Amino acid sequence: MILLLIILFTVTPPTAVQVKDLPNDDGGKILITWQRAPEPEIIGYRVLRQEQNSEEWETLAFVGRLANRYIDDEAKNYLPYRYQIIACTDTTAVPSEPSGFVSAVPHWFDTSTLPAFIGTIILSLIFIYFINRAQRDKNLFIRRIAGLDAVEEALGRATEMGRATLYVPGLSSMADVATIASLNILGEVAKKTAKFGTPLIVPTSDPIVYTVAREVVKESYTAAGRPDAFHQDIVFFVTDQQFAFAAAVDGIMTREKPATNFLIGMFWAESLILAETGAATGAIQIAGTDAIAQLPFFITACDYTLIGEELYAASAYISREPLLLGAIKGQDYSKALITFLIIIFTVMALVFNLPVKNWF
Amino acid sequence: MNIATDPWIWIGAILTLAIFSFLYKENPFYRIAEHLYVGIANGYAITFYWHRVLVPSLFDRVGAQTTPLSTKIWLIAIAIIGALYFTRFIPRISWLVRIPIAIVLGYASGASIPRAIDAEIIRQLKATIITRHSFANWQAGIWAVIILLGVIATVSYFFFSTERKGILKPLSYTGIIFIMIGFGASFGYTVMARISLFIGRLQFLLGDWLGLIK
Amino acid sequence: MNRTKENILIRLQHIDRRWIYLILWLVVMIPLLFPFKIQPRPTPPVTQLFNYIDTMPEDKALAISVDFTPDTRAELQPMVVSLMRHAFAIKRRVGILAISVYGLGLGEEAIQQVTEEFNSRARNHEDSVIYGEDYIFWGWTTPVLTVMLGMGERITNVFPVDYYGNKTETLPITKHIKNYDDIGVLVTIAASAIPRSWINYAQTQFGVHLSCGITAVSAADFYPYVNSGQFIGMLAGMKGAAEYEQLVRQRMEKNGMTWLLRNRGTEAMSSQTSAHLTIMAFIIIGNIAYFAVRRKRK
Amino acid sequence: MKRRIPLMIVLITGIFGAVAFFVPHPAIRSADELMRNDVQRIITAFSLVLGVGSIVQHHLLKIKRHAQFWPYSYITIIALLITAIIGVFGGIDVTKPGILPTRIASFSFHIQTIYSNMMVPLAATMFSLLAFFMSSAAYRAFRARNLEATLLLLSAFILMLGAVPLGRAIHKQLPAFAEWILAVPNTASKRGILFGVELGIFATSLKIILGIERGWLGGGK
């Protein structure tokens, strides 16, 4: 009894233990908060839980002395629980009053994603509008992109020299926009190589990209009236290992000495390994990627580089597909909207001192 | 000098030198290393997918007694869809290869839509907005203004709907200036990391292999 | 005369890149074999960490979490080594752990090296560093959260046995390092986002003092934490390692330990410096040639 | 049918993938996890067969045709086979041996040994070639031809100078200036490019789901 009194005198129990169902979750989670005890010798708190209709308290966790909240993520949905927090020092343990009962509930909408939801709706509407308009109005204007002249010129040179054209559609999967844009451009490049009769080499690093690229090239050769010139060794898979792929393509570049190298798609650190080897063989190089970190290297080592969005625009421009052109329009207007929002919010924040950053 | 006796160190060192020899010119040593590398990488990929994906996610679960029948049927169905990739080799039904591609591609596309907006567009938009708080010290405030102008200029560089005329002309030119400064900075900043990689390889060759440095 | 000069300039503009490769190879390799002395001036984040450890109360230990993998060894291993040297030189206890299983080998390597350096020069028991008394290698365990939170309560619960298989409860050092309260500063050496986890769990919940050693590439990501005081200083990349090595060397000399030790960070920094200067020289030469030829053409 | 069924599938899986982001309810979330862990992983594993089939065929063809450097093709095929056999039958986990022994006396040829002693050095060395390629690219391309090129050159130069002790010796504020370039103009340009790229990702994903972007069907009927 005396001992117990000493304990009670030295350490105050945690107070104000509050519990609530965690919002915006898939259920099974309860948030417990409490007021910390002031004593410096406390090393942490033990969190205890009791089910309704049960006598037993189970220990959930031990948290540090600065913690004043804990999320119980092992609660059963719709089952009421209550919690108790125990302040622990090296030698003693002082429990709080038990909290009230609460149960966890799963939710159907995560309200923290509301801005993204609104954004998705607005942007979708913009794009659908412009894609629809593109179907009616065949003359949507897209400004010419400088790099595209280079494509023609480079292919012409390959023909003159009677050497091959190398086309690397990046190292990523079909899920990457850059890969899809790249395959659209590959289709056009393949039509030209088919027409000029220059060899085409397309090494790939993803099995699906390989399958699709092969079909794309085959179709282009048919469209160019040269189905006989297509053979199964134009497009091939090398490996999905980044640097093994780079080693193999470097080998191809130095042995086959293509007159033109296209490095278009998604690239990582291997970008400069490929681009600089290609430059050393004297090939004309056209690169295009939306991998921002790799753009500086393509810019320095290639003759022409499609920067980020230019790649998508090029793929729309070169194919003259109205639906793709419509999407580029949609992108332009979305960017205008973003710029407008940045300016409007800044004005609101500076002039009226509104807390705009807390709105989303 | 304390040269290595472990055969694997020797193999690693010889392969390292074979790759470096490419800097001089393409040669048989590089060619061997390159072809070996592609072979091993594919062999390793087979191993990885077998042991880390197919066995634990498919075979073990289909084979286990504890797995409910519904899960087994579900898993076998997925396996059949995956096996549709093989129809590419059968011309008459080769279009079936589009089904597994559609599942993977559709899901990835759908999942990337809200993420592109939430994690990138909204977050970056928010970071670009200037508030009075940005001027907590005048320097930070000026930098925030420069960033805002730079962002708008860069965005305008990628405006394709009209020719670069009027306000767009100076704005997009400012954009390319920002872009070039940014690219230069990324380039210069990366040099140190790449030299570190080379130092790492030299430490392997001179240290682990030849024992010249400890 | 002018003609040959112009020829040289033109040829310089289109020099065979293999000369560039050869020069770069040499300027990186030679300093590794024959280190020359460059003495990097310590920057504020490095000095801050050094001073903090240097003035730590005697009963506080230094904890090092080896959270990187062998691929970033060149940049990060020298940090582990010089931090250990520093603690031993001022007679502070050291505890080492690994969050990544690949860090185990690296931690062990650093321990072997530094204890050998000290013990081979020790003349008496007092001078030597002894396992289980002066330092401990807790090893690795999973999951990460258990380690970061559990160490705040009782380290022996998280690591019942150490890396070498000893029962941690039986080691004398355990009496002095029970939990975070006995750790003056925990330095996480990592090439990933792990330092952030240390802040989120160990620091926000237990208030443990933290610092970090990271690769040069990720330095920008961690600066905000140094500015906010969540990290006590920071060692970034080879440069940070080299600066710390210099401070430790000076401290050891002051304490009468005028030993000739390898400073891998400083040595690599000589390679780095010479490589950077070489590349910059290439750029300058390229431009001189370019402008000289262009002026001639006009 | 050959196009309509795949297009239906992208529509359904696409909408599901987007919806799962907004709905935390277990009914959706557990289905989402199944999609990611079971469906995507297993299907991707099967696709590797196409890739391996292609690389083997590519090299067999070279051997058959006695194309230039054809003997090297044997190396790729044999290395692939040996590695796969060791890996599949020898086990991937060092602690759980497979049916194939991976050790002769003290010499181990376990797949992880092959990985860390062949793949890792090869990858690390290929990666480190960048140190050289950066130098030669900088030498060739960093010429002050016009304003843009000059700015590219200067900012790279200042960043490099800021990384070495010399930079500080030239001017005390130089490293800080280098950091400023990285933190201010660099951030602005990256962010500007990023907006366009992310919108492109958005637009393309939308087009795929709605069946407007059909390049992936790879032509044909």
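A, B, C and D are the chain letters, set down in written order, and residue numbers restart from 1 in every chain.
We adopt the following convention: a contact is a pair of C-beta atoms (placed from the backbone, for glycine too) under 8 Å apart; a residue touches a chain by one contact, two chains touch by 3 or more.
The structure displayed is predicted, hence computed values, not measured ones.
Student: More C-beta contacts across A-C or across A-B?
Tutor: A-B
Student: By CA centroid distance, what chain is farthest from chain B?
Tutor: C
Student: What whole-number Å value describes the gap between the mean CA coordinates of chain A and chain C?
Tutor: 32
Student: From the mean C-alpha coordinate of chain A to that of chain B, what's the distance rounded to whole Å?
Tutor: 11
Student: Find the geometric centre of each of chain C and chain D from their Cα atoms only, then give the gap between the two centres in Å, rounded to an integer.
Tutor: So the centroids are 29 Å from each other.
Student: Between chain B and chain D, tell me the centre distance in angstrom, where each centre is the average of that chain's C-alpha atoms.
Tutor: Using C-alpha averages as centres, the distance is 4 Å.
Student: Residues of chain A that contact two or more other chains, please.
Tutor: As it turns out, chain A has residues touching two or more other chains at 113, 116-117, 120, 123, 174, 207-208, 211-212, 238-241, 243-244, 247, 255, 280, 295, 297, 299-300, 307-309, 331, 335, 338.
Student: Which chain B residues touch at least two other chains?
Tutor: Counting only residues that touch two or more other chains, chain B contributes 19, 22-23, 31, 33, 37-38, 40-42, 44-45, 85, 88, 101, 104-105, 108-109, 112-114, 117-118, 121, 128, 148, 151-152, 155, 158, 179, 183-184, 186-187, 189-192, 195, 197-198, 200.
Student: What are the residues of chain C that contact at least two other chains?
Tutor: 17, 21, 28, 71, 216, 239, 272, 275-276, 279
Student: Where on chain B is chain C touching in the complex?
Tutor: Residues in contact with chain C: 23-24, 189-193, 195-200, 202-203, 206, 212-214.
Student: Could you please specify the touching residues of chain B with respect to chain A in the complex?
Tutor: Residues of chain B touching chain A: 19, 22, 25-26, 30-31, 33-34, 37-38, 40-42, 44-45, 85, 88, 97, 101, 104-105, 108-109, 112-114, 117-118, 121-122, 125-126, 128-132, 148, 151-152, 155-156, 158-164, 179, 183-184, 186-187, 190.
Student: For the complex, give me every residue of chain C touching chain A.
Tutor: Residues 17, 149-150, 152-153, 179, 181, 201-202, 204-207.
Student: Spell out the part of chain B that touches chain D in their complex, as residue ranges.
Tutor: 7-9, 11-13, 15-16, 19-20, 22-23, 31-33, 35-54, 57-58, 74-75, 78-79, 81-83, 85-86, 88-89, 95, 98-118, 120-121, 124, 127-128, 143, 146-155, 157-158, 175-192, 194-195, 197-198, 200-201, 204
Student: How about chain A: which of its residues touch chain D in the complex?
Tutor: Interface residues on the chain A side: 24-28, 106-110, 113, 116-117, 120, 123-124, 127-128, 131, 174, 177, 180-181, 183-184, 187, 206-208, 210-212, 214-216, 218-219, 232-233, 236-244, 246-247, 255, 269-270, 272-273, 275-277, 279-280, 290, 292, 295, 297, 299-301, 307-309, 312, 323-324, 327, 330-331, 334-335, 338.
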